[in-house]
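This is the structure I want to talk about, given as structure tokens.
Labels run A, B and C following the written order; every chain starts at residue 1.
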């Protein structure tokens, strides 16, 4: 039995992992899906990256979890990197699921195509509370391209505006890059939330992990909605020793 | 129920889609597979790209088809791009199946490796009617690498010489690149009709589509012969809203 | 019925193909898995690349095998290239399974990332007999990433130190590059024994083969342990006419 802590990406909250958690439990494991500070419907959006990280650290410490497999999806990859710096003794393995593995000193926004970065920066500036929202057409075509329209709509409904600050905070990752925590990268082969190639997830992000384990599966960026059972199986494969 | 119009590639005619059409119909859809002007056994080879396009436009208008999912395979990708310019009001979505998405002002021949371009240009020059044929060994190894020898031979037999003019016509695609027609790209992961990498189909061609949906499946360039049922399913997935 | 000769990679001996041989036989074929000179527990490590090649040539000639499908895994790719030069008349097709396809004049070590090359050169220098061993953590994460820990341990146990000389010998491959022997490349899509991208197996190695057939399957570098049945099927697909 392994213990998984699943860290969601931008716009999401922990509820997005519901089906994945259930399938991990069906496979005999324990799984937790906390919601980061500043995320989820109704949350105060005034958070920075450090506060996002702290909320996950507090969750893990509060539940006295040790020996955890810490899984970060998308933006959540930047958070698990900092959580691992904070409480390395509690983390057995890191799993990035199409997660951002930032260069030391970079923000997430430094690692997306310039046009995307400019689009989000502008949207944040025009928002009342420095947040960004993902337009539905992008969600439907680029994030859940393997789902049908109904799935796309159903999974879009719980999303909420993403605080921009955690996306633009530049992170000191020197300690992360000195850690020897085992790490895996799950790459969904149809994930085009980042455009494949020069700006893609894999191998751009994965190769930064040094010695790492690659696990791939068919699916989009939002495979936790389109195929949560398959994802749970791959999380187990990525997370085992 | 959706309406599919399937546009074949070089050397082919509409008959190459026969099994795919049947599987699309089995899935509850309507599907048409016209043969372009200048293509098919016995056709007059003296056509240019505009005539190829016009023949497809005429087919669609002649049958009063609207709301169509317009699918273009390989060279057919260049044709559906121009058909969409001509009759955008009839096209619900474009689907490129390992199809050429040309840069504005380019010909197909501008987008293949220089050695391939030179090989075809020379062959056209030496032919009596400015056509090119695909040598069987290339067909067998690079086009239908997932089939067996008998399948390769059976599917090669109906091919006929390809007019070179439509491959070398440089296309004004400014209108195409201004269209907001939804679009998808089906990439068969073993397609080496273009060499993977710098000159490959995906993401080189797909990334030019702006906001697009990626659908992948195992298979070669000629998956309509080696796996028409699987292809039909992916065409439906690529074509839905 | 086809005749397969399977040539192992570094650290391995012919025994690593045991399950694959059995599955090929179940599929109605004959399969041989010789151990190269200088390889296998207890062998004299003082061999160069030419001696590795000669031992395979001698095996094939000694058994009077003709019309063979010659399969090379990893380092074995460099050996089958030279075997094909020596006895082209006996080889019906070459199959590289995530195998090295060296540039003319290169050694294997010239074709791995500089840090890896330096790591192995240093290890060889520090060894008593100019050999290198693969550390278990690299085996587990990068070579058999699709297996579980027990499989990783079980498959690691039979490995033995690899003579460094055959990895650092620069090979004259002019004849190889003039051969017209049909050739296929099997790429396992999760193989990160070479890091995907600039230094990856595919398409870097495969594109050097000129006209070749691509066959892909899910799996790691050591799919002969994690999925020998699937590998046998793909070897048949890669090896047929």
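Simple rule for what comes next: contacts are C-beta pairs under 8 Å (C-beta built on N, C-alpha and C of every residue); 3 or more make two chains touch, one makes a residue touch a chain.
Computed from a predicted model, the values in this text were never measured in an experiment.
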What rotation angle superposes the Cα atoms of chain B onto chain C, in degrees to the nearest 5?
120
In terms of residue numbering, is the interface formed by chain A and chain B classified as same (over half shared) or different (under half shared)?
different
CA centroid of chain A to CA centroid of chain B, Å
37
So which stretches of chain B touch two or more other chains?
189
As the complex stands, chain A meets chain C at residues 182, 189, 202-204, 206-207, 211-216, 237, 240-241
Interface residues, chain C side, partner chain A - complex
137-138, 140-142, 145-146, 148-149, 189-190, 192, 195-197, 200, 218
